[in-house]
Amino acid sequence: MKVKELEAIMLEKFPDAPLSRDETGMTGALWSIIVPISGIRDATKAFWSAGFFLESITALDFEDTFELVYHFNCYEPKSRLVVRVLCGHDQVPPSICDIFRGAGWLEREVHDFFGISFSGNTDMRPLLLPEDADYHPLRKTFGKVSAYHKREEIYG
Amino acid sequence: MAEQDRTEEYRRIYSLNLGPQHPSTHGVLRILLDLDGEYIVKADPIIGYGHRGHEKMGENRQYKQFLPNSSRLDYLSGMIFNHGFVLAVEKLVGIEVPERAQYIRVIASELNRISSHLLWFGTYVMDLGGFTPFLYAFDDREHILDILDSVSGSRLTYSYCRFGGVTRDIDRNFIDMTRAFLKRMESRWADYDDLVTKNIIFIHRTRNVGAINPELARQFGVTGPNLRACGVSFDVRRSEPYEVYDRLDFEVPTGSNGDALDRYYVRFKEMQQSCRIIDQALDLLPGGDFIAKKVPPKLSPPKGEVYAAFESARGLSAFYLVSDGSPGPYRCHIRVPSFGNLNVLNEVLPGTLVADAISILGSIDVVIPEIDR
Amino acid sequence: MSEGLFSWEWFRLILGLLIVLGFASLNALFLVWLERKVAGHIQLRPGPMEVGPHGLLQTIMDAVKLMGKELILPAKADRRLFFLAPVVVFMPVLVGFLVLPFGPSIIIRDMNLGVLLVFAFSTFTVLAILAGGWASNNKYALLGAIRSVAQNVAYEIPLLLAVMSVVLMVHSLSFSEIVVSQKRVWFIFVQPLAGLIYLISATAETNRAPFDIPEAESELVAGFHTEYSGMGFGLFFLAEYTNMFIVCAVATSLFFGGWQGPFGYSLGIPGVFWFLFKTYTLVFFIMWVRWTFPRVRFDQLMNFSWKVMIPLSLANLVVTAIVVKFI
Amino acid sequence: MSYFKELFYGGLSLVEGMAVTVRRLFQPLVTVQYPRKKIPLSSAYRGHIELKIFEDTGTHKCIVCLNCEKTCPSGVITVQGVKMKEKGPKTATQYVIDFSKCSLCGLCVEICPTQTLQYSKEYELVGETRSDCVIDCLARLAKQVEEKKAQGLAA
């Protein structure tokens, strides 16, 4: 039920955001939505008030853009939902660490690995990397890399 | 020190480095504590000492080459993570797993879960100062390691699962050993109850210590036994059953207060439930292949992404793989349960005693290499 | 008794001290071995097995190893206090041996204030622990030392109150008189509560589990002796075990009939063996406790002392006083 | 009253705990004094890899296809070989593994087309330098063949 409600809320908030349902269950999520970079806080607030918890934040590095992937999950019923944010290589997305306090560390981790800073998260010390690390190892420009694609090459 | 530095504040609060080398930090975890006497004012867990770059390694390897890595994330539930990784890849490539293999994996995973919880049980009581239950638990755990060794050939980092099945079929010997182990554990639970669960000192050390409420758990994404101790019945094996878990009858034990004692109870009951699952799975074990026949040695998955969640001994874990069609993932993200579970310490520790900090840290059951990845 | 420097009394005292010095160290080494054996067998493992028959020489080798180790002085530590503390902790322990009644005639100096002397000197241990913890310039050590002081202050009271009830019954502070007066019935049967309180407080006094919070290894690394190495650590270690022996020996004399057999029947066994047998049994009991229970938390430890032990021992003392007065 | 009740039941719980530990005092030990006594290895035990001796040829069947070298996640294996005959497979002249990097996943054993790789039962692998971890499988095989021959002569 929550899923339907949230879907309505999302579509209302972001009318032209592409929402893709997953019938195969491959992605483990019921649907995923790409929201504009400024809308992530609104979307997150909706998830928080619907009783969801934040499962993970991660990022993907594409040639043209970063993609932030937020996995939200709910205790009951099974309903994992995904919110994506396309964030240019020089853009700074807003932090959601005041909505989900656990997001603070997750954002720090993303900052470690990809160099994406989050505005509003005051604690941006390296989390997993050494204190003086000035490199971002999961960027496709760091170290040994097998491929560097544009986003549409994968999502078609 | 200069006299002007000695303000009132300076004299009252002092900081203590708990770790990275400390008997009770379970790996290389450092917690920077600000103390007022023995009371904690502020806690700041500092992690990353064991960062090995598993995610980067995943991007540079073929899918099957990541198999040994998966056991090394959470080395205490290596089988479960191994299992989870092959689940993700099978989902991505679309491999049908024979039923027998599914049962074998479930049995192995549950054995691994018991061994992980037993180790936690032992080390937790040791954190509280009781040394003997630690060795009793290790004695029991040794039996599990022997069982898993007899089929996977390894005692800790199993690499037992393969895409489409497992490396080796289980035999009569394995089943007999497992049955004997289940029988042995029945009498051990009573001993553990007498020695630890009912012990007044233990109860006083854990009751109302480090309580996490469901709201806080949701804020920080706490999962696993820590979440269930708050009274939320959430288990991936139940909510999105993988393999044959939907055919097996088991309870998801929950607590009510979310304190250390409840976390203890939940894990304790979970071990008993795992025994039940193994017992049923052994009864239901069908014949057939232990590995799918038609799995190409070099996988070529379609483009796309896959997110496979599974319940490790510590909570909701997941592999998030993005494929670009090549034999290796474009992005390999690992959602680890201890990450959120440890993060909550920031909120739970202030206001408690140093001795409680040890008790809480132990009861949350973090595996640091899993967080550091 | 003749006067003068080379009197029999002096000779006896010096000889006694020498014997005590030898006995105390050997006894402590034996107790360490016993502890490891007890721990081992409780935990289904054999304990030390390699050096000597059943590892009997293991602790001697350990002591030799400790003596060969470098004494490390932490930066900015208080040098004098740091090296003084292990010495201070060991000295009063030796004095305690002077008044212990090993047998009817095997007592180095039978003082009429023997009981007081033992307890007076045993408080020195706290001073040494505090000095050692403070001088180490280590926060863990300091925390351990502070805990130790608070704990000892709290547990000295019920300990002495429990002993007082025995003293009230005998009207003497001399060990041999207390022992002799238990010829028929041991005081543990007359004063079971005092005996229990004494044992619990003694465990706390000697910083043994489950009251080992000053050195709580899973919280404070090693507590007050975190920074000690080599023989500095060794002396703390020896003192701990010798202390344990002394409190058990005192318990034997006060509650378990000292050198006498049960109900006055010695069964032809010399008194000293009875005494040692009882003492080691108590030592075993304390070890058994250590390897069974988790550690109590500091505030619970204090609560237990102030809310349970002290009221109970006071009540016991008052009842004893009334009974002694009117019967 | 609850004060005394808790004291009593608390004390009782402690006694119960002590009963558990004292029972263990009289149970048989579970320790195996390792270097003096050894427990049998499980049949599935995975030691480092070695070359199998085949009955029909009396030696290994490595054809230097380099599948193991390519599939190894950590680059443990180095194989070199030469063509013995004009037509036909190569024969290995060098098969070296660096055990210090090996994670014992067994991918090489599974992928070998001639099944000439197997796990050894070696577990006492101690070395003082890193080079002690480098194992020359061909030399090892030659030694095993010698031993087998000696056994065959003795029998």
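Here the chain labels run A, B, C and D in written order, and each chain numbers its own residues starting at 1.
One rule holds for everything that comes next: contacts are C-beta pairs under 8 Å (C-beta built on N, C-alpha and C of every residue); 3 or more make two chains touch, one makes a residue touch a chain.
A quick note: this is a predicted structure, and the numbers were derived from the prediction, not measured.
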Using each chain's Cα centroid, which is most distant from the centroid of subunit B? C
By count of C-beta pairs in contact, what is the leading chain pair? A-B
Which integer distance in Å separates the CA centroid of subunit B from that of subunit C? 43
Compute the distance, rounded to whole Å, between the mean C-alpha positions of subunit A and subunit B. 25
Find the geometric centre of each of subunit C and subunit D from their Cα atoms only, then give the gap between the two centres in Å, rounded to an integer. 51
Distance in whole angstrom between the CA centres of subunit B and subunit D is 26
Residues of subunit C that touch two or more other chains sit at 42-45, 291-293
Sequence positions of subunit B contacting 2 or more other chains: 132, 136, 139, 195-196, 199, 201
Chain pairs that touch, all of them, please. A-B, B-C, B-D, C-D
Within the complex, which stretch of subunit B touches subunit D? 61-62, 64-69, 72, 132, 136, 139, 142, 146, 149-154, 157, 159, 162, 167-168, 191, 194-196, 198-201, 297
Can you check the complex and tell me which residues of subunit B touch subunit C? 14, 16, 22-24, 38, 125-132, 135-136, 139, 195-196, 199, 201-202, 204-205, 353-356, 358
Would you tell me which residues of subunit C are touching subunit B in their complex? 39, 42-45, 139-140, 143, 209-210, 212-213, 216-221, 291-300
Footprint of subunit D on subunit C - complex, ascending: 38, 41-46, 49, 288-289, 291-293, 308
Contacting residues of subunit B [partner subunit A, same complex]: 47-48, 51, 53, 55-56, 59-60, 91-92, 217-222, 232-234, 239-240, 303-309, 316, 318, 320, 322-324, 326, 328, 330-331, 333, 335, 339-340, 343-344, 347, 372-373
